[in-house]
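Mind looking over this structure? Questions follow.
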Amino acid sequence: MNAERLANVAALLVMPFVLTGVIIRVKALWAGRRGPPLLQPAWDALRLLRKTPVYSDVSTPVFRAAPWVLLLTSAGSALVTPLLGTTPVFSFGFDFVVLAYAWGLGRVALMLAALDTGSAFEGMGAAREATFATLVEPALFLVVGALGLFSHTSSLHEALALKVTGGASALAWASAVVALVVVLQAETARLPVDDPTTHLELTMVHEVMVLDHSGPDLAAIQVGNALKLTVGTAAVATLLNPLAGEGTLASALLTLALSLGVAVVLGTVESLIARFKLRTVPQYLAVAIAAGVLALLAATWRTGGLR
Amino acid sequence: MSALLLVLLPVVSALALAAARARPVTMAVLSATGLACTVLAGVQLAVPSDDALLAGLLRLDDTSRLFLFVVDGIFFGVAAYAWNRVHSTPELEAEGQRFAVLSLAFLAACNTVLMANHLLGQWIALEASTLAVAPLIVRPGVAASRQASWRYLLFSFVGLGLVLLGFVCIGRAHEGGADAGGWYLGHLPTPEGPWGTLGLALLLLGLGTKLGLAPMYSWLPEAYDEAPPAVTALLGAVQFNAALMMLLRVVQAWRPSGGALLTGQLLAMGAASVVVSTASLIATRNMKRLLAYASINHAGVIAIGLGIGKGASYGVLLYVLSNAYIKAILFLTAGKIKAHYRTKDTTQIHGLIRDLPYSGVFLMVGTFALLGFPPFGSFFGELLILSALVGSGKTLVFAALCVLVTMSFVATGRTIFPMIWGEPKQPVTWARQTLGSVSPKLFFLVALVALGLYVPPAVEGLLKAVAGTLEAP
Amino acid sequence: MTLFLAAFPVLLVGAGAAALLQSNRAAFVVSLGSQAVATALVLAAVAPLLAGAAPLELSWHWPPPIERVSLQLDGLGAFFLAWSLPMTLLGTLYAWTYLQPFFDKGRRGGWHFALLALTSVSFVIVYSVQNAMVFLLGWETAAVAAWLLVIYDYRNQKIRFAGFNYLVSTHVGLFVLVAAFMLMHSATGSMEFRDFGAFLAKPSPTRSTVWMLLGVSFALKSAFFPFHTWLPRAHSAAPAHVSALMSGVIHKAGLFGFLRFTLLMGQPEEWMGWTVLVFGALSALFGVLSTATQRDLKRLLGYSSTENVGIAAMGFGLGLLGWTWNAPALSLAGFGGGVLHLFNHALFKCLLFYAAGAVYRATHTVDLERLGGLAKRLPRTASLFLVGAVAISALPPLNGFVSELLLYSGLLSGTAPRPDQNVLLVAAAAGLAFVGAVSALSMTRAFGVTFLGSTREPQLHVGDDAPGTMGWPMALHALGVVVAGVAPAAAMALVNGALRPFPMAGAVLEPLAPALWASRALAVGLVVVITWSWLKGRSARRSVTWGCGYTAPSPRLQYTGSSFVEQFARLFGAFIPALRREQLPTELLPQQPGSFATHHADPVERRMFEVLGQGEEYVTRSAGKVSEEPRFAFSAGLVALLLIALFLFGATR
Amino acid sequence: MSTLLVALLGVMLLPLFLSSWRMSLFGLSCQGLLLGWIAVESHTEAPTAEGWLTLFDLVVVRGLVAPGLLFAVMRARDGDGRNDVIPPNLLSWTLVGTLVMAAFSFADNLVPEAGDAQQLVAVATAGVLLGLFVLSSQSGTFSQMIGALRFENAIALLELGARGHAQPLPVRAGLLVVFLVTVGFFRWYLELLGPSAAARAPDDTPEAPTL
């Protein structure tokens, strides 16, 4: 068991930068460019760590603490998710509730930091982030609750390792994948919900909240986001991986491959479609909620449903 | 023997005051007589003597002893208030003289009603009390008060006429039998057959008019509004209880035989008067008229309580007694406030709690008791009546009563609370209220709280006995 | 039992003395002293009960109409008393400084402190009495005392209206409660709760009606969704400590009443569990939506009481369901979660209201649109408000998270007998998650807009931070919040005492031990991170906030409370109607400044006032028609006479 | 006996249709006298003290004293002698007719066997209903007094019919005294208020302090 935990910790250290690098590289390829080296996000983080931060004279200690709270909660949540398809570093009953609410704490810290700077743009970003979060949370609980009902468990990694046995569990599995992808895109500010590389503050959601952060704080936020991306991708990969629960080397490698695959898909999606209008994003998030409800209803289906 | 004094003493002092022109001592004699009657009633309460007087026309039993003590106590309070008023404003001398004579005659008549053992005799005493108080309603120089006084007399005349008609009809029910008993309480003719039922119905309609219940009640707001506050207190607390005593005698006597009609008509009239008074409470802007409609509301609830009977009698008695004290306090305070602000319009009066601390507190506490807040007797009385309503299966009436009482609660509170706590418009200075002028109301207040929280065992025994007589067997 | 009984006269004497004393300081000391002695006495009597001693019984004769006054102090009553009285004590301490401006203007505080002692008396009565009449007496005393406390600053008409609105609502609640009691009294013939219990044990249509009536009256007392209209007005009008006590402690009597009668009833029916669960969820949803959109900080906290009471009711609903499916673990998770959340809510709600009081004391306004950047002037209040805000949004390290985790462990456990029931429970869990997210949004908005950024109204004068006597109650509540979050076993010791009278036994928190260890680890991490970043950043370079090159930034440019929630409010516009008052500039070069303000009204209240207004106008019109002329009365009499004759004809024919 | 009753009914109805107050008062005194006559007719046994008292009450008090007192006041102040007792329109006249017919059908329903007793009850009920009808249609003080006195006479008539048991003397005397004092008050109020409820100008004298 310790070998798996060590592997998980190693994955936790490496995967965030690799996945972000893959997404950036795929977008560059679609745009016909070679794109930066795969580990560029790591180098950026190191560069920022060496810089000295500059704080707004309006801000309070909350501004200074928020990035590190985000990093702490994202790292904490990563410890609980099955990065390599097998048992994560820690696994206990209702761990995904702790995960969801830890992400909530990180998000609240970031929003407070945004409001602390007293700038109109950051307030706008915090408002949008808060509104989208209110739609993402119920979707996450519906999906993981439904999966929990299927596999009669309350811990995250057993729920994700769903065995598709009948029509009902197939439907649940499919709608869970759709819902988790949408939740992943909303949480980690990927297109079509939010464009990380845009320069026009009025259109940003996540980036505009971190406008005023500099130096190590900015690095902490970027690593925190990368960690959330890893957690989301690993969850989707574990769900896609047919032999998720066995804990063999093959299933670990398959999960890694699937994670990279998901990163590639995300990069492709980002390259091909533009960002949704702000008014339609809630409808897009409603798709995740609908998928969650569908997964939940599948649990009551006669064939393959719960006995 | 001492019971007879309760009637003779006021009559003698009334005659003395009428004859003599001794002005300054008049009010003192009035209050002294009031005090003497209260003490006598207290003595009767302590050592009950069950002798029949005046060839059986008057007799003291539990009900009359209880009501005698309460009514005379309130009369003494009103007399003390009047004495203080005359003492503080000398130009009321003449009016004080007239008030003393007539109110003593009124007291004598009311005491007779409370002690009567013969229904027709009781009727005569009630008519006499009406005649005694009618001229008191007239305030010199105010045309509306003359109109109100005439209407009061007219309605009483017609109401008591109906009662007499009822008696005649019940008498006819025994066309053949040589019924020697006549109208003595011990052995009354039973109202059965068409004549009997008609008689009982007319009787209740007439008494309802006298009590201010539904169909013919429009005299009450006018009379309570136009009369001087001391007379309003007499009307509301003393005359109401005298008329109620006659209704209690009727209920005690004929509940077994005419029970169904009794319940039906009392419930109907009670419910109708609660509805009408709630509507008028919401609409009125005049302070004394508001209190008048509130007393119609309470009369309605009492009628409903008497109508049900089963289990509600204790509640009804508690409600009646606390109601008497509440009306005494509120009418006297309303008088003081009107004299101070020169207006009865509730929207003009503000900041009472600071302008007139004593009256403000009395109005607040009186309104609390009026609306049925806990520490006062009316709270438990109302609860018992409501529980008996539910107990006897009349849940529809219960629901309607709850809604109506809440609506009247809102209407009364909405009008009176801004008066108590508002922002005082013009700082009018007023002679500091001495403890003397306030002591009668203080005494009523103590009695009110005692009725609510802790009824002394002696009084409790009496209340239970009286409630027993009102219950259906 | 004598210890407990001694508290009653002590409080009454204290209240009486405080009312009569002329000097405010003497009245305060007397009231505080009597409450302190009473609290000590009650805690001494209550402690063994929480540890599991047998309930104390006592009854003695009282003249009618009460007949017998019987007291029975069991675990449930002990739990409520254990924290109600100390919190009222802290409220009285807070009141002394908060009311100083009034005392300086010559206002007498004697009555106010007396009423605070009287509120404790009503707790002692309501939480221990077994006789219906005395229960109603205690119930109404609490209502009247709270009303008189709310209208302390009676000079202001809005405050008087809010007080009267509250009084009428509680009076309606009292009538519904009287209806339920009298139905049971007529069925059993006695006023004792023990006999009511015997009647309630057997399922029957009357039992269901009585249960519904009790539910409505307790819902109105605890301000559940359709009956909550009195709460926000009363809280924005009342002094801060009165709002804190009312929404933290006094309105918990409703939930106590519900638990008391659930115990008396014994085995519930399944539809009762679902009704309470759905009713609680509805109340939580509506409460949190209104919390997100209010402009007035105290109204905002008032609505969040409706939300948290709804969450506690979801726990009770879950407990009832577990009881009917005889799944003890589920039932314990439900009742345990509900009662723990009720206790946690009392802690952090009082903290938040005290902080709001400190804000009002410093700036004389609680309107979010004018506040901002108060953290620099009121550091202690800001940090304590932050602790309360994090706790109320149920974020991990603090106590709100523990009780919601308990609820989730019940809702998501999947131990219901049929799959469709499990699905409904998971849906309820999703609803709870939505409520948690929106509560996070509203508390971020409340804290961020009030304390962070810069003051939106430049000429707003901000006074100094809360002095000692206001600071200590806040600090104690914050300490309670942190301890209940990090070491929930302490809070569970109280809650287990409350759960003892319930038939199902078992460990409540043990299955969640690893999750709680995770949140403790997170707490340690947070402390390390916050202190490290606070030390590191003190000496850092400072400059202007990045404004994308805009040269003339002004504090008015900041996101205000309404703009923060504008997109969210548009999503849920049906539930929270937005009112706009605007005076837009018309000409090309506008001379005078335009104005624009948005308010979010409470749809239930607007509808209620609309209906009441129509009714009153109709009654006034019709009452006006009936003239005072004797003619009308006599014609009515004539009609009555003819009716009697007709009735007689019917009889004789 | 029945002719007397018919005469009494006629005396009750006639003044309603005329508009002079003299006719109303004259009607009242006729009613008193006829009542006395009926009392003498229906009680042939030896006259007792109560009998004499009743006769005195009917003939002297109701027949002469009451109308006389009111007559003095009305003559002193009244101008053109016009005073309607019921609204002078066909609707009120038809109502009077229906009320009388209702009284008769009520009587034969209540007292099955036809005869003097039934007729007496019918006329008495008609008197009660007419008295109340006058009261419920007039707001003038004088008309209200006429209505009240008609109502009282009808009760006295019904009482005559039910001569079942003798009242003790003090009670009968009490009834008489109370009626006399009431009529005295009627006279006092008539002087105070004036015959018709003309809307007097509201006296704006500052309100004197009252008790």
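First chain written, first letter: the chains are A, B, C and D, and each begins at residue 1.
Keep this in mind: contacts are C-beta pairs under 8 Å (C-beta built on N, C-alpha and C of every residue); 3 or more make two chains touch, one makes a residue touch a chain.
Since the model is a prediction, treat every value here as computed from it, not as a measurement.
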TODO: Tell me, please, which two chains come out on top when C-beta pairs in contact are counted per chain pair.
DONE: A-C
TODO: Calculate how many whole Å lie between the centre of chain A and the centre of chain B, each centre taken as the average of the chain's C-alpha atoms.
DONE: 79
Task: Geometric centre distance via CA averages, chain C-chain B, whole Å - done: 43
Task: For chain C paired with chain D, centre-to-centre distance based on mean C-alpha positions, whole Å - done: 68
Open item on the list: I'd like the Å distance between the centres of chain A and chain D, where a centre is the mean of that chain's Cα atoms.
Closed with: 99
Open item on the list: Among all residues of chain B, which ones touch two or more of the remaining chains?
Closed with: 154, 158, 194, 198
Task: Where chain D touches two or more other chains, by residue - done: 110, 128, 132, 135, 144
Task: All touching chain pairs, where touch follows the definition stated at the start - done: A-C, B-C, B-D, C-D
Task: Residue ranges of chain D in contact with chain B within the complex - done: 110, 128, 132, 135, 141, 144, 148, 151-152, 155, 158-159, 161-162, 164-165, 167-168, 170-171, 174-175, 178, 181-182, 185, 188-189, 192-193, 197, 200, 202-203, 205, 207-211
- [ ] Show which residues of chain C lie in contact with chain A when the two form their complex.
- [x] 372-373, 375-376, 382, 386, 390, 393-396, 401, 405, 408-409, 412-414, 419-420, 422-423, 426-427, 429-434, 436-438, 440-441, 443-445, 447-449, 451-454, 511-512, 514-515, 518-519, 521-522, 525-526, 529-530, 532-534, 536-537, 540-548, 553, 555, 557-559, 563-568, 571
Task: Touch list for chain B against partner chain D, complex - done: 55, 57, 82, 85-86, 89, 91-92, 95-96, 99, 118, 120-121, 124, 127-128, 131, 134-135, 138-144, 146-147, 149-150, 153-154, 157-158, 161, 164-165, 168-169, 171-172, 174-175, 178-180, 182-183, 194-195, 198, 228-231, 335, 339, 342
Task: Residues on chain C engaged by chain D in the complex (per definition of touch) - done: 629-632, 634-635, 637-638, 641-642, 645, 648-649, 652-653
Open item on the list: Under the definition above, what is the set of chain A residues touching chain C in their complex?
Closed with: 52-62, 64-65, 68-69, 72-73, 76, 80, 90, 92-95, 97-98, 100-102, 104-105, 107-108, 111-112, 115-121, 123-124, 126-128, 130-131, 133-134, 136-138, 140-142, 145-146, 148-149, 152, 154, 201, 211-212, 278, 282, 292-293, 296-297, 299-300, 305-306
